[in-house]
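In the two assemblies presented below, chain A is common to both, partnered first by chain B and then by chain C.
Then we have the complex of A and B:
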């Protein structure tokens, strides 16, 4: 009887050991398939594809062989059925392009704060005028990076199919010519299991 | 079987206050009453602790709506996000679920209220529309557009589920030689008979809302599509025809730059609660009394439009685009076959318990189980009760600039200052229920 009790107790402890919440570090680039919602893997796939496509495109290779053109990132319009932080996607693309050494960027999201600082340096009287950053010396962007993210979702009682299409375009601001455009498609499908907890 | 009964009792000890033994409409009066009296915040306070229950989805929906009407937009947005998470969890759930089986066992010895609350398609559509209004209220147009797309997705899913029914109605109409020329050429293809079916499944009011948002943000093509979707549901609506015509003109680049449109979205009344009726069903052991949920015609109140007046000559009454009470009734009707099956099983199980008790414990046992069966026999009356009974709307065209718009309804009135953009759209939202009137203005 005692032995039986011990076995039951040990079995119970083994089962319950798995119940305690566990925290661990994971690979940030590991495939994430928790659900069909837009996730980290989608973001990484999109950014990698865009940057790879852009950097091997012959006219771009030629254009960036002698100089590093200045680009500004407009917004990616979210046309999906999810609340996606598209700025996070463009941030990743921007970092990758910047680190490739082919492009330089101006950041339009901080213009207000930069202006505030320049005004302070010029007008407050606290900054040595010889050391102050001069107004009107910034370099204007030559290209604009912008795009769209759209999705088609279909669902019935047991399956869900999500198709994402991410389009990125590089426009020459002077001429209005589209220099490059890239696209990444992602399809995710969920099939519900028959049995579950 | 008796053991099963005790097990059920044990399982249910924790839920004496939930809908298993207290009918949901009785609980809901704690927040529906304050809402009609113009105090949605009071109801929200009472609801908050209830959202952690098994059927939390239902309470979350109520809470999110009340928070929104109490101008707690951030809180409402977070609550609606929880609502959608719950719905999505349901979508991804396995066809046969162990936990659902446990609830099923409990429900077999009590009633359908022991089953988790699944929500209805019409509720889910409205939840997305309300979330869009939350985003609009905090100035996030892109977020609102996302929610409107999700609402449209839910409408599509609901429509697909009922495709056969719509096709049947369309066929019937063609058999009866319904003149397709009854609609003007640009609205050809609308089918009155199918529209009747559609109107109980899909919601023209949310399509109109999303059409207005698209139009206000300059996406005229999307606006036209949504207005046409709404027209498929309400083909006779002059309001929708005017909106579709206007959007079509804007697609072609024609628009009046001196005047703008003010869209008045009106949510009127409260959706009626379900009522319980008792009637006998046959089982192999004879007839057994069971409780069923139903909607009673006397609970259906006629719509009470709001009269809109602006400028010198512009006036309109809000007209009905969606009858949520009818959609609720349709949704309930769709669940009747499954409910009948469960009721029959339950009657059998309860009969067995009674018989076993009678055999083993004589009169006392029989009386005990009889009382239990009687008390536990309650219909599933759960539904989102702070929803309006009618989704209504009106439009007025006003000169660009700040304009004063007067609203007057049976419960009171309001005068709003509305910014009108030439060629643009401004959305005014009016919620009336009893003496309660809530207004929002969304300018783009």
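Then we have the complex of A and C:
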């Protein structure tokens, strides 16, 4: 009887331990295929493709050989049916381009706060005028980076197919000329299978 | 536990470990200044099926660009991931968390070219890692 109770107790403890939630860290760069929604792997693939394409495009190579042009990142228009944080994609692209040493960026998302700080330094009377940052010395962007993200979704009773297309463009603000454009296509398919077979 | 069960468990563990292990190929400049291909493997199954048919490097401006021709020597489709790692002349990895695994599905007896550009001009050598 005691032996039976011990076995039942051990079995119960094993089951309960198995039910306990487990939190662990994973590889942020590993392939993620939880579902067909836009995910981290898609973001990383898009950023890598855009940056690689741009950095080896001959006119860009020539343009960046002697200087680091200043770029500002406009938004990526999300034309898909999903909520996608497109700023996160452009942030990754911007970081990679900046770290390549080929481009410099102006960040238009913090202009208000920069202006506030410059006003404080110039007008508050609390900052030593000889140490204050001078107004009107910022460098204007020469190029604008912008683009689109679109998708086509098709499904039937057992299959869902999602096609994403990301387009990025680099425009010369002075001339209005498109200096470079890159595209990345992604296809994801989910098949509902019986018993995972 | 019967010996046959122990053997099966050991074999299963070995197979699972093999599935998660990576293969690596790199190109280093030898003493004579010529590039030499270095292959390392922890995954004998993938190593026997996937081969690097060719490695090409070129300088695009001051950035290194690499193209690897991967060949599936197996008759069935191979679904695997690869990534490039870049190192400077002192052996420091460049942007170690910036390179993501990329997926490639290669039909049987087929080749595919994969390309990558160094994250910055200090890159002096590279490695290609492959895993299932």
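As a convention for this text, the second predicted complex is superposed on the first by the 177 of 197 C-alpha atoms of A that agree within 3 Å, B and C clash if a C-alpha of one lies under 4 Å from a C-alpha of the other, contacts with A are read in each partner's own complex, and residues count from 1 in each chain.
Everything below uses one rule, namely that contacts are C-beta pairs under 8 Å (C-beta built on N, C-alpha and C of every residue); 3 or more make two chains touch, one makes a residue touch a chain.
These numbers come from a predicted model, not from an experiment.
Visitor: Identify whether chain B and chain C fit side by side or clash on chain A in the overlaid structures.
Guide: fit
Visitor: Taking the superposition on A as described, I'd like to know which of chain B and chain C A:193 touches: first, second, both or neither.
Guide: Touch partner of A:193: chain B, not chain C.
Visitor: In the overlay of the two complexes, what angle sits at the CA centre of chain A between those of chain B and chain C, given in steps of 10 degrees?
Guide: The C-alpha centres give an angle of about 120 degrees at chain A.
Visitor: Report for A:44: first if it touches chain B alone, second if chain C alone, otherwise both or neither.
Guide: Only chain C; A:44 stays clear of chain B.
Visitor: Based on the superposed arrangement, let me know which partner A:55 touches: chain B (first), chain C (second), both, or neither?
Guide: A:55: touches chain C, not chain B.
Visitor: What is the contact status of A:101 with respect to chain B (first) and chain C (second): first, second, both, or neither?
Guide: second
Visitor: After the superposition on A, what does A:28 contact: first (chain B), second (chain C), both or neither?
Guide: second
Visitor: Pick one for A:65: touches chain B only (first), chain C only (second), both, or neither.
Guide: Second partner only, chain C.
Visitor: Could you say whether A:81 touches chain B, chain C, both of them, or neither, answering first, second, both or neither?
Guide: Once the two structures are laid over each other on A, A:81 reaches chain B alone.
Visitor: Nearest CA pair across chain B and chain C in the overlay: distance in Å?
Guide: Once the two complexes are overlaid, chain B and chain C approach no closer than 23 Å between C-alpha atoms.
Visitor: Enumerate the residues of chain A that count as touching chain B in its complex and touching chain C in the other.
Guide: Common interface on chain A, chain B vs chain C: nothing in common.
Visitor: For a test of understanding, state which residues of chain A touch chain C in their complex under the given definition.
Guide: 27-31, 41, 44-45, 48, 51-52, 55-56, 61-62, 64-65, 96, 99-101
Visitor: Within the complex, which stretch of chain C touches chain A?
Guide: Chain C reaches chain A through residues 60-63, 65, 81, 83, 95, 97-103, 115-117, 119-121.
Visitor: Under the touch definition given earlier, write down the residues of chain A that touch chain B in their complex.
Guide: Residue list for chain A touching chain B: 35, 77-83, 153, 155-156, 158, 160, 190, 192-197.
Visitor: Which bits of chain B are touching chain A when the two form their complex?
Guide: Going through chain B, the ones touching chain A are 88, 91-99, 142-143, 145-146, 149-150, 153, 157, 160-161.
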